[in-house]
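I've put the structures underneath this note.
Two complexes, one shared chain (chain A), two partners (chain B, chain C).
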Partner chain A sequence: PKQDSLMDDDPEDLFAGATEEVSLDSPERDVLLSDGPSPAITPITPPTSVIAPRIGHAHDDMFTHSSFDEIEEEEGGDSFDVHISVSDPEKVGDGMNAYMAYKVSTKTSLSVFKQRDFSVKRRFSDFLGLHSKLASKYLHIGYIVPPAPEKSIVGMTKVKVGKEDQSSNEFVEKRRSALERYLMRTVKHPILLKDPDVLQFLENSELPRAVNTQALSSAGILRMVNKAADAVNKMTIKMNESDAWFEEKQQHFENLDVQLRKLHASVESLVCHRKELSVNTAQFAKSAAMLGNSEDHTALSRALSQLAEVEEKIDQLHQDQANADFYLFSELLGDYVRLITAGGSGDLELYFYFIFFRIRGVFDHRIKTWQKWQDSQVLLLKKREAEAKLQFTNKPDKLQQAKDEIKELEGKVQQGERDFEQISKIIRKEVGRFEKERVKDFKTIIVKYLESLVQTQQQLIKYWEAFLPEAKAIS
Partner chain B sequence: MMEEVKDVSAGSVHGDTIKVTEVLQDGDTLTFIIVSQKLSGTGEYHVDRTYDDFEWLQQHLYTQEDVPGIQGVIFPPLPVRPQVNASAKVMKQLGFLALGEWQPYCRALETFLQQVVAHRLLSKNPALELFLTSADPPGRQKIKKNLFNRLSQAMEEMRKEGHKDVDEFFQTVRDQNLQLTGSSRTAAEKFLDVVLTEQKIAVACGHFSAALHLCVEPGQDPDHKAFSRVCVKLSEVFDSMRKSMMSFSLNDLNTLGLGLDLESRHLEAEKEMLFRRTCKLVELESARRNAERAKPVRKAAMEEVKKASETEFEQICEVAKQEPLSARPCGNAAEESDSVV
Partner chain C sequence: MFLIISLRERTRSGSASATKRDQHHVIFFLIIISRDLVTLSTSCHQPFAAMMQEGLDDGPDFLSEEDRGPRAMNVDLEMDATLQVDISDALSERDKVKFTVHTKSTLPNFKQNEFSVVRQHEEFIWLHDSFIENEDYAGYIIPPAPPRPDFDASREKLQKLGEGEGSMTKEEFTKMKQELEAEYLAIFKKTVAMHEVFLCRVAAHPVLRKDLNFHVFLEYNQDLSVRGKNKKEKLEDFFKNVVKSADGVLVAGVKDVDDFFEHEKTFLLEYHNRVKDASAKCDRMIRSHKNAADDMNRIASSLYTLGTQDSMDLCKFFLKVSELFDKTRKVEARVAADEDLKLADLLKYYLRESQAAKDLLYRRSRALVDYENANKGLDKARAKNRDVLQAETSQQLCCHKFEKISESAKQELIDFKTRRVAAFRKNLVELAELELKHAKGNLQLLQSCVGVLNSNT
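What follows is the complex of A and B.
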């Protein structure tokens, strides 16, 4: 319908509209950005006619504790006590209307949740719906909102059509795993954990069906923000980055993105070859068995048959290793690359067309916030000049109007400055958090991987040692 | 089985000691250094030979006219001509021998020479002595190609492959050989795939290790340092995985790979010998028919032809039975079964 065509045909207009939406005097904004406690605000879902980044409406709990600082300290080191698992993928319905329902189970002792151990059924579009709400609320004020897994038309069609084969099973498993990681990342974020949409997602047995998930997908948002970044580049007043920290961080993330993409590519190649090895080993095992059957010499024949068996076991090991490589590394690295760049489908080539959003985007938003502040200052200056001139004319109405406008503008300028400082502060915290998490994540995954490697090698040795006497028996 | 020939195998060289120690590459030409111990115990022979020289030797072995029933010999197989920067087709033909920087190829040439030297009939060929001991290249003149060259066999002759045998022993050997040749060639091909993939994995590990090294971040930030440390350690792990995979692959190549290659080429050589014998059988049966049906004026001539054919066939069978055949039904069957001519 109409809104879809709005989304698809003219994202530029959409975003132009969006910037205006972020008005400097919207009342909800004050609530979020002030340091003091505030009354509860009912959450508003993004209007379906225009996708605009709106200032978020946070759950009141966040503000009863006053500033963000306190909340972050509450989080504390490793006493994070929420565990989410996504499991039991189940096909619901038939044909092209079919979808996979996943069981989302939460175990926790945190008081923000109503129960300690509960689960709900969700479908993929529900996850996308959650992501779009969080993205529209938090991204442009500096929070690094975790990206949702990408849609895959090909993968999903196979599943819908009922193709019960290796690749569609793999697809479902990949997706399940990605959804789990997405939720865990989201709840690990101290602010997002308490967001009402997140809580609703995890707890409510029924969820209103998310619409326009196409536009709300990471790729959709990304397209819009591509335009925004271009706009930033075209700004007339260039920001002089006096804060070296931001300069350095921006560079750092650009480098990191390049590195991680390389890593991702290497691992994908490794996984591919390992799978190939598994297939080749299995085929060799078959041919060795046949050769064993053809041989007359009994000890040689027996040894060849044994060899075939060992190779079959090894083939299974290779497959397991390929899976470990894939799940532990490829997906993790893929996640991180997506975190740093925009949306990111599984397709690496697309990365080169995406500018960084998640992290660099929040940097861009900061720049835009600064820009607005500058613009208001310039406007204020002009208005003051105009007022000065009016002093000498006999137009009391106009003079009063000018004075009113100036007062309003001064408020805007102050607000602009506060916004800028706020977003800078939030970004610093987010980046710090991201960096810590990244290292922790990597360490955990790597330890798991190395342990699995060692196990594989030990198993390999066992198989070959068992085979040795057979080989020696060939006279 | 082939008996160990302890004494003179090829004039003055001790067969077991033949080694292809080096391969030198000059542009597109490969030269092999062959070292063998003098039987007299007084030193070594060092000669350099190219593939052309090996072919020269092989041709001389084929054309040993003075040995009756020579067609019954399983000629030690010479590997396919090596090619520097080989085309895909040649790589496929060479299989394992194209890998490992020509080391497996050298082993294959070694085996060829050792087998020739150890063969009771072939070792006496003077060409062999020349090949192993002469400082100069033995001679590059091309000898006329003969029937032994399988590639020249016409399509009609392929029909004969299935011709029913008159001898139960040889029929068994032929059947067994057919099965084994197929299975061993398949096993060799599949194992080659395994070895090549192992190499690909080693290369991929190397790339990953290098990419991890690039993730090292300078600066004092503790998180960055921690991340860099993790990356460096993991990079080392993957580098050692690369080495390990490479060593698996080389080991596989030099042991089972080479073994499967030699085995399958030997079975091909056996197949060729059996085919030659079968062709002779077909010729013999046709000669007999001609002799029977011949008009009196031609009868005597036909009888001569038949007799010659019979003799040749018998000789071939005799020689073949002494060869290391793949099927050895109950040990004594070879001696017991008569030529049934």
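What follows is the complex of A and C.
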């Protein structure tokens, strides 16, 4: 008879349960790890330990327990030197089959890349495909995989249909910027940087088109986790400091989520009002020009025309500032809201669910296997007694079976403990890295944003200084 | 001395067991402004330092220009010692504003040299209307009546704030309250200024200053018992206006022999329309500006909350940026307020004045038409040799009236241009100076903050 694997279900089944067809009606649609239904996923066949992700290529050895520390050392040694830009959006094809192709250029001196300066053409679904692969490989073992930019049916349709207007240009620019930020975040992650799918994405001139309709949904993973937890008896877990740490972190991120959303909403409102201000200033400028035309006092007429010109320049200033408001401040917040958020692509929360169930599951399972072992020992005892009786009947198989069972159980418990420690370690590290990254991001970008505000004020001063003598010249 | 007394008043909502929702917390302000004696000449102005609220305290000089603004709109008025009028005090109560009109005069017809009375908006309107209705003043640009004090929007906001008190943090509530108070104050100051300008224009006008009603207005220290127009009268007014505008179209079609007036007519028609448009667009622009400043306020609050909650590395950072946003949005709010004062109010005022000038032209055209009709009547009478004397008198009267109006109108329109140019000059210069000042202030705030943040990381 087959022994229990680590989880109650067959590992194959486990992950089969996690993938699912996505339909517009499925409630999980909102919590898809990647928002698109299309990309193909190589279904995961995990090895006996669920921890080690399937890499497929020569990098397998990186992820055994011993090599994990190697990566840490590598991180410290290698200075981060990758710069990715997404540019030159180009419409390919016509009508509803059209798509935007973006140039993805990489400049780097890292040895993991084949070249130092190269570029490829990618489309949006390629990005989604990359994200799906990374999510399915790394999410469940504790890595914070950056979420892919969001799909937008309306936005894309406009572009496909060929509307060459302001709003579709803005949409393409927003997307381009988001894709760039996505890739930069991904390569900043020391593990993801070396992932073969990432490398392939950046380097290969041709990429197999992501067509499969299956997607690894976070709801699916959740169900899998719940299944595992349900299958095990509930029991009390002794609170050690690592549980407390996780709980505290979860609370921290929940609070952060709320605050960032609020801030994000205010910044979005600012962007909106600044755009409005720009439009209204432009209109006022025209009106002032007309007024200047009809004014019959020459000097005043000229001054009014000058005022109109100043206001026109200022309206452009407001427009530029609104863009900075958006692309720097607002998008930064949006990205982090998506990274942290409890709903939507709730990757991080998922980790914590996973951890808790995992911890509990492992403990539960550990206790259970201990129980089983106890039972087996009792069984063994019984069997020994029976054996003693059986000795005369000579059945060595059953005895051996009991001994084998016990040995396997002991092995499994040890493995579970190791797994548990490993995943805790990874998560702690990830959270630490994430927070460091976040601090850096916020500081850098917000300072950049403030510098844009400085520039605006400097321009304003220039314009009004030019106008003042004109106003004084009215006599 | 400047006091803001805030009263919380619960409107009676009927049953004693009314739920909290039914009770409205309405916050009223009694704003008592007392100023020292100020004349329209810009030299001896007391800065309104006392008018500052706590929140705006960090930039005392931000406010010092403020009070010079709208009141000095017509800088060219020559104030002489014989008659000086100003509004020295104002009180805002539920529905009305009570203005203390203060007069200093050496004219013999006043009992004293210096005196004050309390007047309400309706009494100003009464005075204005009495000018309009006076045939003798047909040849003058009647100074436009001040607009009705309108605190409805502000009051609504205060009410909403009171209702929503439970749903926001203490800081947010205090901030919003301060904002609304500032807004209320700004509207209040504006209405005071507009009423004052009206009186000063009248006092500066060589003929209107002698008007009896005006003197009564200034001196009579009882209530003038001027009631607002009732429905019937308002309807009458409405029809009068309809007739007038229809008439105006007819009259406008008549080409004037006099080049000066023909030019003025064309000019005023176009100018008035364009000022109207500019005024509307200016208001919209300023409203957007205020909205942006409000957003910054919310951003500052959010950043502050983040700053108190987030990880150690980011706490200080967020708190500093929050502080910056707080200060910078105050500057932005002042920019919007100053633009409102110097630009929007200027345009609004000249919208009203250009209308008054148009009215003058209309009256003159009417007189011209009457004159021409009288001429025709005279010719007819002479032809028929009947009622000739009557027709002659009538014709002479019309001629005299027309010529009188034309003469004074010409001077009035020339003065109007002078005043307009001077007012625009003053306000545009002040606008540019204030914009520069605020931009420089803002720049300094931003640069110092960026400097601190960069040195800390």
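In this text, the second predicted complex is superposed on the first by the 310 of 475 C-alpha atoms of A that agree within 3 Å, B and C clash if a C-alpha of one lies under 4 Å from a C-alpha of the other, contacts with A are read in each partner's own complex, and residues count from 1 in each chain.
As a convention for this text, a contact is a pair of C-beta atoms (placed from the backbone, for glycine too) under 8 Å apart; a residue touches a chain by one contact, two chains touch by 3 or more.
All figures in this text were calculated on a predicted structure; none of them were measured in a lab.
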Once the shared chain is lined up, is A:Ser294 touching chain B (first), chain C (second), both, or neither of them?
both
Between chain B and chain C, more extensive residue contact with chain A
C
Contact-wise, after the overlay, does A:Val112 reach chain B, chain C, both or neither (first, second, both, neither)?
neither
Looking at the overlay, what does A:Glu451 touch: chain B (first), chain C (second), both, or neither?
second
Would you sort A:Leu468 into first (chain B), second (chain C), both or neither based on which partner it touches?
second
According to the stated criteria, A:Thr281 is in contact with first (chain B), second (chain C), both, or neither; which is it?
both
After lining up the shared chain so the two structures overlap, which partner does A:Val92 touch, if you call chain B first and chain C second: first, second, both or neither?
neither
For chain A, what residues appear in both contact lists, the one with chain B and the one with chain C?
252, 255-256, 259-260, 262-263, 266-267, 269-270, 273-274, 276-277, 280-281, 283-284, 286-288, 290-291, 293-296, 435, 438-439, 442-443, 446, 450, 453
Under the stated contact criterion, what part of chain C meets chain A in this complex?
263, 267, 270-271, 274-275, 277-278, 281-282, 284-285, 287-289, 291-292, 295-296, 298-299, 302-303, 305-306, 309-311, 313-314, 317, 321, 324, 328, 417, 420-421, 424-425, 428-429, 431-433, 435-436, 439-440, 442-443, 446-447, 449-450, 453-454, 457
Contact residues on chain A for chain B in the complex?
252, 255-256, 259-260, 262-263, 265-267, 269-270, 273-274, 276-277, 280-281, 283-284, 286-288, 290-291, 293-296, 432, 435-436, 438-439, 442-443, 446, 450, 453
For the complex, give me every residue of chain B touching chain A.
176, 179-180, 183-184, 186-187, 189-191, 193-194, 197-198, 200-201, 204-205, 207-208, 211-212, 214-215, 217, 221, 223-224, 226-227, 230, 234, 237, 241, 326-328
Write out the stretch or stretches of chain A touching chain C in their complex.
252, 255-256, 259-260, 262-263, 266-267, 269-270, 273-274, 276-277, 280-281, 283-284, 286-288, 290-291, 293-297, 299-300, 303-304, 307, 435, 438-439, 442-443, 446-447, 450-451, 453-454, 457-458, 460-461, 464-465, 467-468, 471-472, 474-475
